[in-house]
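Comments concern the structure below.
We just call them A, B and C in the order they show up, numbering each chain from 1.
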Amino acid sequence: MAEQAVAAEKKKRSSDDYSYVGMVFHRLTRHKLAMAGAVMLILMMLFVFVGPLVWRADPNEQIPGLEGMFNPPSQAHPLGTDDYGRDVLARMFFGGRISLFIGFISAVSATLIGAFIGLLAGYYGGWADNLLMRFTDAMLSIPTFPLLIALASVMGKGMWQIIMVIVVFGWMSDARLVRGLALSLKEQEYVEAARAIGASANRIMWRHLFPNTLAVLIVSTTIGIGSSIIYEASISFLGFGIQAPLASWGNMLQNAQQFIWNAPRLIVYPGLAIFITVLGFNFFGDGLRDAIDPKLKL
Amino acid sequence: MRDYVIRRVLGMIPLILIVMIVAFAIFSLVPNPFAALIENPRIKKADIERLIKAWGFDLPWYLRFFKWFSGVIKGDWGPSLLYPGSSARDVIARALPVTIRVMGIEFLLSLLIALPIGIISAVKQYSVTDYVVTVFSFLGMSMPTFWFGLMMMMLFSVFLKRPSGAPLLPAGGIMTPGLEEAPFWTRFVDQLQYLVMPVLVLAFSSVGSWTRYMRSSMLEVVRQDYIRTARAKGVPERLVINKHALRNALIPIVTLVALSVPGIVGGASITEKIFNIPGMGSLIIAAETKSDYPTAMVGLMLTSVLVIVFNLIADIVYAWVDPRIKYS
Amino acid sequence: MDNREVLVDVKNLRTFFYTEDGVVPAVDGLDLTIHRGEIVGLVGESGCGKSVTALSIMRLIPNPPGKIISGEIIFHGENLLKKSEEEMRLIRGDKISMIFQEPMTSLNPVFTVGDQISEAITLHQKTDEAEARKRTVEMLHLVGIPEPERRYRQYPHELSGGMRQRVMIAMALSSNPDLLISDEATTALDVTIQAQILDLMRGLQKKLGMAILIITHNLAVVAEMAETIAIAYAGKIVENASAREIFKSPRHPYTYGLLQSIPKFAERRTNEPLPAIEGMVPSPYHMPNGCRFNPRCPFATEKCRAEEPELVELTPGHLVRCFHPIEP
C-alpha cells in the first residue's frame, strides 16, 4: 500500500518534470530569436561536422611555391588558399571543431567549478563564504584579458592549456550566481527537512541544492560557450593560443592583418564563422533564459 | 557612513594583497624571464647580471616577492625592460593619457547612445523597435572586436578612398607624424580621424551590452506595483517613465557605470593593438610578451587596484542613490 | 435604496487578454452598479476577473496583452471607454482612486511618502508646493498616521505594512474622489491590522462620503462593511444583492458554497472537515459550455450544460444567474 503510494507519487513527480521541460521547450519554440539562434548553431554544426565528409581535403596540406598562396576561390579550393597554400575551406571545418570544442569544454568546466565554489560558499556560509567570495572578488577585479595572455604565455600554447586559462578566469560569475541561489534554497523547507533527517552536507549540496541551480547553469553555460569561443579566438589571434599547423578560427586570423591589402577574404571567413556561432549561442541562451524564467537576471 | 567607508577601505587591503600575489605568481612561473634579453646582442651580459640581482632572481620566490612588494609600496616600480632607459612608471605615464582619451570618448558615447535606446526598447517591449534594438544589441555583444576592427579597417582604409587616393580614414596610430606643432584645430581634426574607427569598434559592442542592461533594468521596473500606483493617481505617462520608472531603473546602472570606469584605464588590448594605439592595453600585452615584467606586473596591479577601489565607489554610490540601502 | 443616484454603471464589460497560449476572457459580460456613497463588495476566487474589472474601470489594463473588447462603463453619465487617454488620466486619482493589494511594493521606494502624496495633489489641484505639503500632512493625520510631519520625510521602507497602506489611502483620498477602488487592499496584512484598515476606510467613507468598491476573495472582509455584494465567477456576476440578503438567503449555489467554506467557530464540530466547493476554477482557455459553474455545481442539469443562464431579478434588488436557484 505504502509502496504503491510512493510509486504513484514518483509517477506524478516525473510527469510534473516532463511538463516543466515541456513548457520550457514550448516557450523556446515560440521565441523567435532563440529559434534563429538554434538554426544558426545547427547550420554551424553541420558545416563543421558534416562538411569534411562532403569536402574531403587535408587542412594541413600545403601547395608549395608562390602559385599555391592566396589563391582566389576556385573549383579546387572553394574558399581559396591561405598564405601557406592550404585549403581554407578545410581549415574552416577543422578550425571550427577546435573552436567549438574549446568553447564547450571550457564553458562547462568553468560552470562546474563555479557551481562547486558557489555551493560551498552558499551552503556553509560564515568564514568559508567570506573566504571564497573574497577570492572570487579578487579574481573578478583582475582584468581578465591581460592575465589570459600572461597565463597563456607562461603555460604554453597547447589546446588544453588554453582551456585551462579560460576556465581559470571564467568561473567567478557562476560562483556568485550559485551562491545566491544556494543561500535562498537552503532556507527552504525541504532542505531543512533533509537536514533534520540527518542528510550529510555533501548530500544536501549535490542532491538537493545543485539540481535546483541546473536550469540557471544551463543558461549561463550556453552563453559562456559563446564568450569562451571569443576568448579562444582573441588569444589565438594574438598568437598565444592554438599553434599552427593545427587550425582554429582564431589563429586563422592571426596573420590576417597583414593580408588586409592582398587577400581580405582570409579575414572575412573565420571572423564571420566566429560571429555567427557566438550570436547563435547568445540568441539561444537568451531564449532559454526567457523560457526558464523571464525574471531571471543573468 | 564614515565607519562604513573605513571598514570597507580596510577590507580592500587583503584583496589588493591577493591581487599582487596573483600578479606576481603568474610572472614567477616563467622559468627565465631574461631569456629574451640574453638573445638581444645589444644588451651586455653584465647588465643582465645586474638586472637579475636587482630583481632578486637569485633569491627564493618569497624573498623576491618582498623585494618587489616593498619597491612597489615605495613607488619604485623598477626599470622598463621593453624601453631601456625609461622606468616602468614613465612608460605607463606615457600610455595612460592615450588610453583614457580613446576609452573615455568611447565610454561616454556608448552611454549616451545606449541608455535612451534601452529605455525606449523597454517601454515599447515587443514592438518592432524593440526587436530591432534587441537584434542589434546581440550583434554588438557577439561581435569579436578584433575581427570587427579589421573589417572596419578594410572598409575605411582599403576600399573607401578620398579623391586624392589616400584612405578615407587612417588605418592606425593616433596622429599624423609631423603635425605635432600644427595649430590646435588642425591637430584636433587630424587626431579625430584616428579616433573614429577604434571608438566605433569598441562602442558597437559596448552599446550592445549597455542597451541590454538598461532595457532589462527598465523592464524589471515598469512591471512593479508602484508604476501602476503612479498611473492610478493620474501621473502623465511621460512622467511615469522619466520620473517614477527611470529613477529606479538607473540604480543598478549607476553601479555598473562605476564598475566600468577602471576599464577606461585598463584599455582595450586587442583594439589598441590592431589600430596601433600606444595605450595601456597594448603596453601591457607588449610588456607581457616581450618579458618586460616590471611594467606588466605594475600595469596589471594598477588596473586591478582601480577595479577594487571602484567597487567600493560603486557600493557607496549605490547606497547614495537607493534610500533603502543603509550603511551597516 | 435604489433611488440613490447611480455613480458607476458597468454594462456587459468584456476584457480579454491575448496571451501566447490563447485568449483569456478574464471579464466576459460583467454588469455592476455602484451608487453614490455606496460601499459595494465584489467577491470571487482568484481569476474570476474582479481585479481586471477594477483595472478596466481605471482604464489601466496593460495593452498588450489586455484589451477591453466591448461594454460600457458609465461614470457620471459619461462612458469612460470613450474617453481619450488624457481625459482618463485627469479622472484617475481625482474622481476615481485605487489602492492595491501589496502595500510593500505599491509605493515608489525612491521617493518620500510625503512627495508621493503631494504629487497626487498637485496633479489634480491648482496648488503651490507649500499648499500641497500642508494638505499632505492633513491627509496623513486624517488616515491616523502619528507624527505626520516626520513621516512626510520618510521613505516607504521605513514604514510598516499597515502604515504604508494608510499612506496609500491618504494618497487615494487626497483629491476627494467620488469612487475609491480597494483591490484586496487588506489581504496582505495581519488580521489585526486588516481590521484597523477596514475600520479606517469605513470611518473615512462616513466622513468624506465617497463610494467604495471593495474587491476581495474573502466574504468576511465585506460582511460588515458592504451594503451591496456582487459575487463574480469566471468573468461574470452570478449573484448581486444587499449584504443582508447574500448572507441570509444566498440563491446561487456558488454563493452558498462560498458561505459554507467560511469557518464558523460556534457551529463547527472538531472532526468535521470544512466544506469546500468541489472542483477547480475552470481554465480560462477552456470555459465550460452552458453555465460556467456547472462542472462544480451539485444541482447541475442537462439544461445547465447546454444553455447559459441570464442574470435575473428574483426578488426586488436580488439578481441571480442560475436556472435552479436555491429556495430561500
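As a working rule, a residue touches a chain if its C-beta (ideal position, glycine included) is under 8 Å from a C-beta of that chain, and two chains touch if they have at least 3 such contacts.
What you see is a predicted model, and the numbers here were worked out from it, not measured in a lab.
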Top chain pair, ranked by how many C-beta pairs fall in contact: A-B
From chain B, the most remote chain by mean C-alpha position: C
Between chain A and chain C, centroid-to-centroid distance (C-alpha), Å: 51
Mean-CA-position distance for chain B and chain A (Å): 24
Chain B contact footprint on chain C (complex, rising order): 58, 60, 64, 85, 89-94, 97-98, 100, 102, 105-111, 119-120, 123-124, 155, 157, 168, 171-172
Residue ranges of chain B in contact with chain C within the complex: 126, 224-226, 228-237, 244, 247-248, 251, 321-324
Residue ranges of chain B touching chain A (in the complex, touch as defined): 14-15, 18-19, 22-23, 26-27, 29-30, 131, 134-135, 138-139, 141-144, 146-148, 150-151, 153-154, 158, 216, 220, 262-263, 266, 269-270, 273-274, 281, 284-285, 288-289, 296, 299-300, 303-304, 307-308, 311
Contact footprint of chain B on chain A as seen in their complex: 32-33, 134-135, 137-143, 145-147, 149-151, 153-155, 226, 230, 233-234, 237-238, 240, 253, 256-257, 260-261, 264, 267-268, 270-271, 274-275, 278-279, 281-283, 286, 295, 297
